[in-house]
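Structure below; questions to follow.
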Amino acid sequence: MTKPDQSPFIHEIRVTWGDCDPAKIAYTARLPWFALDAINAWWEDHLGGDGWFQMELDRNMGTPFVHMSLDFTSPVTPRHRLMCQVDPLKLGTTSITFRVIGRQDGVDCFTGRFVCVFTQADTFTKRPAPQEIVDIVTPLLVSPDAG
Amino acid sequence: MTKPDQSPFIHEIRVTWGDCDPAKIAYTARLPWFALDAINAWWEDHLGGDGWFQMELDRNMGTPFVHMSLDFTSPVTPRHRLMCQVDPLKLGTTSITFRVIGRQDGVDCFTGRFVCVFTQADTFTKRPAPQEIVDIVTPLLVSPDAG
Amino acid sequence: MTKPDQSPFIHEIRVTWGDCDPAKIAYTARLPWFALDAINAWWEDHLGGDGWFQMELDRNMGTPFVHMSLDFTSPVTPRHRLMCQVDPLKLGTTSITFRVIGRQDGVDCFTGRFVCVFTQADTFTKRPAPQEIVDIVTPLLVSPDAG
Amino acid sequence: MTKPDQSPFIHEIRVTWGDCDPAKIAYTARLPWFALDAINAWWEDHLGGDGWFQMELDRNMGTPFVHMSLDFTSPVTPRHRLMCQVDPLKLGTTSITFRVIGRQDGVDCFTGRFVCVFTQADTFTKRPAPQEIVDIVTPLLVSPDAG
């Protein structure tokens, strides 16, 4: 599959004073929060403006997280905007895996992998990915080795 | 009305590294958050363990905030537990006013005043305070001048 | 003094699922946080990109809060971006007062007033506003009655 | 090595309305935050009251995170206190691995693994674990298979 003209999705985050701890870098627990903000923004971008809020309330669909793992390689600071690249890595029958790479000034700060399952929101029961989601996500899937 | 044996309600908060900003003190935006934690704990203590979550889901009652004001007089740090004294100051027909005083090591760090209105949760419409709440709150009211 | 061409400063915030509580609206304690984000963005915009982080670390200047008060008039949700208008209302010898109005879809959601004092960061002692700040802020001051 | 009388360290967290999202469960990004609160409390308990704040400011020692991974198995709600069991799994020359298990009402809600490195705080450079830490941690190490 070729996606010649496709730039990766980048969500920009303004890191602030209040995100930082006394070591003058973003507090560790803020980083998965930032990554989730980026994944939510990815959904908004690909679902016509609908993030988790609209998916749950208007589409009766949830995507709760069952796993996350992150490697932290360089501190995040307010000196630069935090650019979060989000890519879907894998679409299973009832789950989706995202990768989020956070960069500042061209330096990788963290890389995370996040697994969500699809649920029917009002019953909180697992369900297969809706066909609309399959159609949207499938062409966007990238290999985990792609940068 | 005499309340001879009544100690004020105190909610203890463990301030941490992650609450602090690079000035090595709790970030300002954490302080109203702490005060709300204390008010929620006050409800839990006086409503048989029910905080806002149970009030809303089990009792169909909300108490959304319409006003808050805080004065910050001394920095909050992880050096001491933050002791938050919560007192109801006023019970109106459809509203309740709380005062929260945050202290560390005997020093007043902030004082806040918070006004909430009573609502029916499922319709988000204003309603009079339930009689059970009136009965609980009335004997606890303190004068704003009391320390 | 006339400021004919001056649009107010607006800081845009993407409200998300994670900002909301089970009432499906932004949790009250998030709102002063948003207002502080907006004030920090105001500084960045008027100080050549320097927010509180750079003011403190590069300019040895702090602006800790001594007061905040907010009125909440309409719930904040992820349905619209939160547009936060920030204006300085008053510049005292050692303090500055900001007003922040948060709006969604043209509706006022909250209005807050925030008072900060100027400090020398490394000693945490009060100081007069630096002349550069006086020069920047003075022409931007608005009357509290201006919308 | 036998540790016959040793109970695991448990840090209790009061989950509130403000921690929950519109699905009425704690927002995913709150869970690593809770886990870090628990690890910080573990340090306080084992270092004579010193958490990350005191380690950094008084002992010139940092323990920044280089990795975290979490599996989420059951939703966290305000219905029960969140009991976080913290155990050190491994002590390397310059790193320490923690496991945090979050439980509510006897049900495992999440399990996380966290790797921190030891640094000299003022230079942010890696260093071997201080001997005092080695002496404290070594007898507390548990096998990853222990519940």
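All chains are identified by letter, namely A, B, C and D, in their written order; residue positions are counted from 1 within each chain.
To be clear about the criterion, contacts are C-beta pairs under 8 Å (C-beta built on N, C-alpha and C of every residue); 3 or more make two chains touch, one makes a residue touch a chain.
Model, not experiment: these values are computed from the prediction.
Q: Going by the average position of its CA atoms, which chain sits the greatest distance from chain B?
A: Farthest by centroid: A.
Q: If I rank A-B and A-D by number of C-beta contact pairs, which comes first?
A: A-D
Q: Please state whether the interface between chain B and chain C is built from the same residues or different ones, using more than half shared residue numbers as the mark of same.
A: Same-residue interface.
Q: How many Å are there between the centre of chain B and the centre of chain D, using C-alpha atoms for each centre?
A: The separation of the two C-alpha centroids amounts to 29 Å.
Q: Taking the mean of the C-alpha atoms as each chain's centre, how many Å separate chain A from chain D?
A: Chain A and chain D have C-alpha centres separated by 25 Å.
Q: Just curious, how far off is chain B from chain A if you go by their C-alpha centres, in Å?
A: 35
Q: Give me the residues of chain A that touch two or more other chains.
A: Residues 17-18, 20, 22-24, 28-29, 33, 36, 53, 56-57 of chain A touch two or more partner chains.
Q: Graph of touching chains, which shape: line, ring, star, complete, other?
A: complete
Q: Can you name the residues of chain B that touch chain A in the complex?
A: 17-18, 20-24, 27-29
Q: Contact residues on chain D for chain A in the complex?
A: 22-23, 28-29, 32-33, 36, 53, 56-57, 62, 64-73, 75, 121, 124
Q: With touch defined as at the start, can you tell me which chain D residues reach chain B in the complex?
A: Going through chain D, the ones touching chain B are 14, 16-18, 20, 24, 33, 36-37, 40-41, 51-54, 56-57, 77-79.
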